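When the chains are written out, they are named A, B, C and D in that same order, and each has its own residue count from 1.
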Amino acid sequence: MNASSPPAVELAGITKRFPGVVANHDIHLSVRKGTVHAIVGENGAGKSTLMKILYGMQKPDEGTIAVDGREVSFSDPGDAIARGIGMVHQHFMLADNLTVLENTVLGSEKLYGIGSRARARIKEISDAYGLGVRPDALVEDLGVADRQRVEILKVLYRGARTLILDEPTAVLVPQEVDALFDNLRELKAEGLTVIFISHKLGEVLSVADDITVIRRGTTVASVKPADVTAKQLAELMVGAELPSPQTRESTVTDTPMLQVKDLTLTGHDAVDGARTILDGVTFTIRKGEVLGLAGVEGNGQTELIEALIGIRHADGGTITLGGEDITSWPTRRRREGGIGYIPEDRHRHGLLLESSLWENRILGHVTEAPNSRGPWLDIRAARADTERIVAEYDVRTPGIDVTAASLSGGNQQKLIVGREMSHDPRLLIAAHPTRGVDVGAQAQIWDQIRAARREGLAVLLISADLDELIGLSDTLRVMYRGRLVADADPATITPEALGSAMTGAASGHLEDEPRGSSSAGGRTEGRDGGEDR
Amino acid sequence: MSTALAKPRPAAQQPRKTARRRLTLAEWMLVIAGFLVLVSAVRLITGAHGITSVGQTSTALRLAVPIGLAGLGGLWAERAGVINIGLEGMLILGTWFGAWAGVQWGPWTGVVMGIVGGALGGLLHAIATVTFGVNHIVSGVAINILAVGATRYLSSFTFEHMEGGTSKQSPPIESIGQITVPGVSDALATLNAKHWFVVSDVAGLLGGLVTNLSLLTIVAVAMIPLSRWVLWNTGFGLRLRSCGENPTAAESLGVNVYKYKYIAVMISGGFAGMGGAFLAEVASNIYLEGQTGGRGYIGLAAMIFGNWMPGGLALGAGLFGYTDSLNLRGGGQNVHALLLLLAILLVLAAAWAVYRKKYLTGAVSAVTAAVLFVWYASVDEVPSQFVSAAPYVATLLVLAMSAQRLRMPKANGKSYRKGEGK
Amino acid sequence: MKKFDKDRLILAAGGPVLAIVVAVLLTSVVLLASGRNPVQPYALMAEYAMHSDIQVLIVNQAATYYLAALAVAVGFRMNLFNIGVDGQYRLAAMAAALVGASVTLPGPLHILLILVVAMLVGAFWSGIAGILKTTRGVSEVVSTIMLNSIATSLIAYLVLPGQFGEARGNNLTTGQIPESGWFPGIDLGAAGEVYGFTVVAALCGLLYWLVLNRTRFGFDLRATGASDSAATASGVDAKRMVLTSMLISGAVAGLAGMPVLLGDAHTYSLDFPAGVGFTGITIALLGRNHPVGIALGALLIAFLDKASPTLDYNGYEKEIATIMQGLIVMAVVISYESVRRYGLRRQQQKVGEELAAEAAAADGGDGPKNRKEVSA
Amino acid sequence: GSTSTESPSGSSESSKGKGIALAYDVGGRGDQSFNDAAYAGFEKAKKDFGLGGEDVEPSDGESDADKVQRLTDLARQGYNPVIGVGFAYAKPIEEVAEKFPKTTFGLIDDNTVQAENVANLVFNEEQGSYLAGVAAAKATKTKVVGFVGGVEVPLIKKFEAGFVQGVKDTDKSIEVKTQYLTQPPNMDGFSKPDLGKEAARGQLDAKADVVYHAAGLAGQGVIEAVAAQDKWVIGVDSDQYAQKTLAKYKERILTSMTKDVSGAVYDLVKSVQDGKPLSGETRFDLESGGVGLSDSNPAFTGMTELQEAVKKAKEDIVSGEIEVETGA
């Protein structure tokens, strides 16, 4: 673009401290008008914090912000919006029980009212950028990709000239990512500026005009995509060489550990009555096998896990663990029976945030040694064992009496992994085990899963990170609309081919075509094709 | 308030066309008509003509107003995400301030000051819950205690020294004035007195709504559609509701969540205060210690009953006012008739449950219906002790039948801090 | 780790002390604003409470409050708000008095029977709310409010002379419990008699603590209160837990009537104390659901209750004590919350600092940190 | 430690004492009814005999122990007599009277406690109510009359029983509508005029044209509602025709069933002053004038037929010819 015009956004010397963490330290960033500027960095590097500062949601402790060459000071997002800055957050900022229209006009009612004018304007924007949103749908009825579009719509509706997209692709499948990038290019063509955050380096290299790397809260490099490779970029991010999930020595045995047959689940809710969530799900995991389950969020994976762990009761089908029918067992008995569980949302399902570490060590295993004897808790033993876990799993904490909330996400996750592994599970259900965890801890968790697998553990792995899924699994399945629609061999499959099956475009056995088009093998449904491997 | 158990998530890739099945207007009319026919039949069978008389409806309306106002107070606060169990205290402040100003400067000033008094209680609640992040229920309980102490204390400095007042009671307040729609009211009363099938019942129900209406009642009733309009049809209302659904999202769009919570809780207190003023000025014409008698809690119940919607809470308050009015107006016979009505309704519910293949529910309903019928057949009047429980039992029963469809604002009762959202 | 504990202790004590000081100051402001002496009422009340007979009254009242507050606290620990303690308490006291008056058994058995009836009836009444919540999703807040009023009607019916009650002058009672059903008190001579049941109340507190903090069941209960979703995932049957804790809460509520019934009244009559359940809510909040905290809260409220009459004798309004109660509750919860936040922030800060120091030491020691982690 | 009531002066045993002590029941002073009537007698006696005195209110939800404490406090301080207003004081007085044999304890509305130094001041409310029933029966034109009771307790049941009997004895064909406002221990029925108002409206709608209330403060609502429709209302406890707060409605207050609590308190104080303290049961009935009908409304005194019937009934009750039910 025009080199002489002032940068769209100029951040200088930004420092932001949180209790215990310096999230940003003396950050400098200059974003040219009409470009896509990518910011990369590992988890917890301080990217979101920086963007929140630019968007007025956090106040910097030090440093200045300039928009279009003029220095500004934002006291809340309203000020930033008034300056033409819009942000799509890493976590959706949508009110489920309000309609798309209401979510969109919220806070900017003065622009076009909240009635028909607003609706017309939304249609107009939606059509102009091909977003395809329905203004009167309730947000809770939308899928992730649609929600993503609503978020973008919200920003455009406010007439933003600078868009911040914080990890917009994390929950999208590759095809959806492509569609999003088309949108971004269109926006750029119109002269808008986009700040784009991701740690998926391939994406970044394909869409960005400039790249800034942040490590441990500070800018370490500014590069052009043409000048770097993904590997170089990654090493800039991490400050060291990358570990990899790829290790292939099969430990799969012939003994089935978990057998799921025709599992069916129908949801009843007040909103729309009966609805099929799981439809005849059938699969087997053998001892020493990691079965990876791919799928876009919301296609029944969560419910499948909940049915396996016993939080939900299936309407039909059987679950067999090591030859025993556990279909009618309550959660506690299943856990005592050797199911370990790393939940996808550790804050909601894995931890008592305001309780101490040793109490969190008891959670989920209160009936088992060393936590209790008879009806009594054995606090001394539980504490001792917590010390052991902290040491063995490298949980970084000054002690076991601090609350779980005061640990960082990665360390919380290590505690959970340690806890679940300490009860010698026969089956481990691991949902997004490394989500929000930094590279070091990630490798450690992978190692632990592999080590347990060697000793005969069966693992059901669910992850949105396709590299992790492919790298760790012995077998891959794809779940779509509550059914297992495809399977693949992780040794040969590509993320793209997997992605197309996740959108329902392909089914059956996915062939190992290098750039996996969606030409599916047989039209075998997951239900039938499940048992043949 | 309720700890929701795991709720199924919608499957992402299947946008559902019809999100929520609502009854159409025609279906509603049909349901209402059916109900009226049933009530009328029960009335004719039992001879309890009181159940749909003009007086009954008009009493029900008067008893429902303070509950409805308290409920509206609850609605405004909870729509913005603040649970308000301090409604009772705000109601008490409303009675005191309403009477204190009413005695000196006339009833309308009293109403205004009642609202101000309630809003002060709301302000305190907002300071505690919004600024200090105190548990909403705890703060509400504290406000209830404070309101009792403060009004008693204040009374001994004010009313005790007034002519005709004591430390527990204010002097009489001038009437706020009431209207009766001329002609219509009499005509409906005449029709009602004929005891015709359905016609008289409708006349009775309508008649009650146009007879001896206090001006404040009209104002209060108007607050229901007004609240509905403000909350759902204005930008202000949208912002306010967004604070109860997802305050972080609201914050991210530049909504000052604290401000809206403050406003909402103060309006909430204001409505409760108006309810208090109604109690002191219309329901009776004096302030009396203990006058509110737990109506704040009942209002809260009416609001939950009404699914956090103005129309629903009006229905809840109406149900409560109606059963309470039955109790106060020759309760024994009326409630006896209600037993029959309830038995018939339960038979219908049982049939519906069996049709929906919910056999257990069906069986429970059927057995309860049978018990009620036996009770109905074996006595002529229900003992007064049970009659006085009728409003509470009715509320509990209706809730038991409908509670699972309720949905409260998602962030209701959660503490919110600016800049700490994920 | 000791450092954290000390911090925690200071924080724990700091909250309430700060709060009471603030509440006293605010009350003084109220007194000043109304042209009263801002200090003398406290002096009067403190002086009055120095008397041994008033102390006995305070302790006796505190026993009732303590049990009621424990009942509320069991619910709170589960995020259940049992507003119905009052109804459960009254209904249970009435039923227990009825049964107690209509049987004669040897001493301990008689008392035991009365206690069992009280607990069962209390549990039954709260169980209705529990069942409605677990099967129909009815908010316990609403259902217990309704059940309070229904209990009133039910009691009014049952104590009618035609039913189970008997008339005694203008009063209605359930008949006198024979002496074998009286709980022996602790005679302090001129000061009066401390209810023997106070000891039982204290034991209940101990049991509460023991069950909650030292048993599997208690852990499940606390876990459910701390995070419903995490507890469910950990294998707690949330619905059963709701019902169980509702039943326990009701049973304890049933006991709340026993100090007075077995120690003094020996019958349920129209003037049996009501409203105890609501005071219990206040006290549970004051005591932060901790058995010792609740005991202190119960004593504080009982003190305000029993020492306030002296204000009347000395030309002050007794309502000053009520205002103080409200202000204390408000101030206490605000200061608890502030202190809790402060504590959490401080802890996170410390964790951060210690880890940073550790990392610095490690970095100084051997090579890049990441390498070390992966090889660990 | 010491007890709160160990009086350092030791004056407690002097016969004259510090004056009169009055301990109220729930509601306390300002209830415009029972407690206020006791207060009136207390004030009058203080003035007439030049005595000091103390009146004390109860707290919410208190137990017998608190009442015992209160009475002990008062007796120790040397008050004599010590009067407990309301039957709730029965047990506490029984206990405290034993400890203070030289103090006279007055107990209003209860006769279950027998002791040398306890004066049970009880009223035959049913007798007065009977007269109210007769008056209502004579005044009604629609042959429907109403009774509104505050809280359904035995005391108020007595009012109802006498009233119903009075009506029925006068004219069997008259229908009596009975309505209670609340159930114990919910005492709202004595303090919520709005409930009284709606209940009275219900009875008026059911054609009642004379309504008798025994509902304390809630009765004000009854009076307001009945007066608004120009029907007759019969007051209770004191002469409500003369009450200032009710001046607006006094034309429609036919009469009031008076219960002379004030006089009872005064009599008791007087007896103590005279050195012959009342002991045991003292009945305030029609004969003694402890209960009766007020006649300050000229409209009432002008109804000759009614007056004759009332007079006759009164004579019959006094002579024992008519035995009035108490509803127990």
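Keep in mind that, in the parts below, a contact is a pair of C-beta atoms (placed from the backbone, for glycine too) under 8 Å apart; a residue touches a chain by one contact, two chains touch by 3 or more.
All values reported here derive from a predicted model rather than from experimental measurement.
Trainee: Contact counts by the stated rule: is the higher one at B-D or A-B?
Mentor: Looking at B-D and A-B side by side, A-B shows more C-beta contacts.
Trainee: Once you find the CA centre of subunit B and the CA centre of subunit D, what distance in Å lies between them?
Mentor: Here subunit B and subunit D have centroids separated by 37 Å.
Trainee: What whole-Å value do you get for the distance between subunit A and subunit D if each is reduced to the mean of its CA atoms?
Mentor: 75
Trainee: How many angstrom between the C-alpha centroids of subunit B and subunit A?
Mentor: 44
Trainee: Find the geometric centre of each of subunit C and subunit D from their Cα atoms only, then give the gap between the two centres in Å, rounded to an integer.
Mentor: Using C-alpha averages as centres, the distance is 38 Å.
Trainee: Which subunit A residues sit where two or more other chains touch them?
Mentor: In subunit A, the residues touching two or more other chains are 311.
Trainee: Could you list which residues of subunit B touch at least two other chains?
Mentor: Within subunit B, residues 6, 385, 388, 404 contact more than one other chain.
Trainee: For subunit C, jot down the residues that touch at least 2 other chains.
Mentor: Residues 149, 152-153, 156-157, 229, 232.
Trainee: Provide the full list of chain pairs in touch.
Mentor: Those chain pairs satisfying the definition are A-B, A-C, B-C, B-D, C-D.
Trainee: Using the touch rule from the top, collect the residues of subunit A that touch subunit B in their complex.
Mentor: Contact set of subunit A toward subunit B: 55-58, 76-81, 87, 89, 91-98, 102-103, 105-110, 113-115, 134, 137-138, 140-146, 154, 267-273, 275, 277, 296-300, 302-303, 306, 311-312, 480-482, 504.
Trainee: Would you mind writing out the residues of subunit C in touch with subunit A in their complex?
Mentor: 1, 4-5, 213-220, 222-223, 226-227, 229-237, 344-355, 358, 368-371, 373-374, 376
Trainee: Where on subunit A is subunit C touching in the complex?
Mentor: 19-21, 238-240, 243, 309-311, 330-336, 341, 343, 348-355, 359, 362-367, 372, 375-377, 379, 394, 396-403, 405-407, 439-441, 443-444, 447
Trainee: For the complex, give me every residue of subunit B touching subunit A.
Mentor: By the definition above, subunit B touches subunit A via 6-16, 18-21, 233-235, 238-239, 241-242, 245-246, 248-256, 404-405, 407, 409-410, 419, 422.
Trainee: Would you mind writing out the residues of subunit C in touch with subunit B in their complex?
Mentor: 30, 34, 79-81, 83, 132-133, 136-143, 145-147, 149-150, 152-154, 156-157, 160, 228-229, 232, 238-239, 242, 281-282, 285, 317, 319-327, 329-330, 333-334, 337-338, 341
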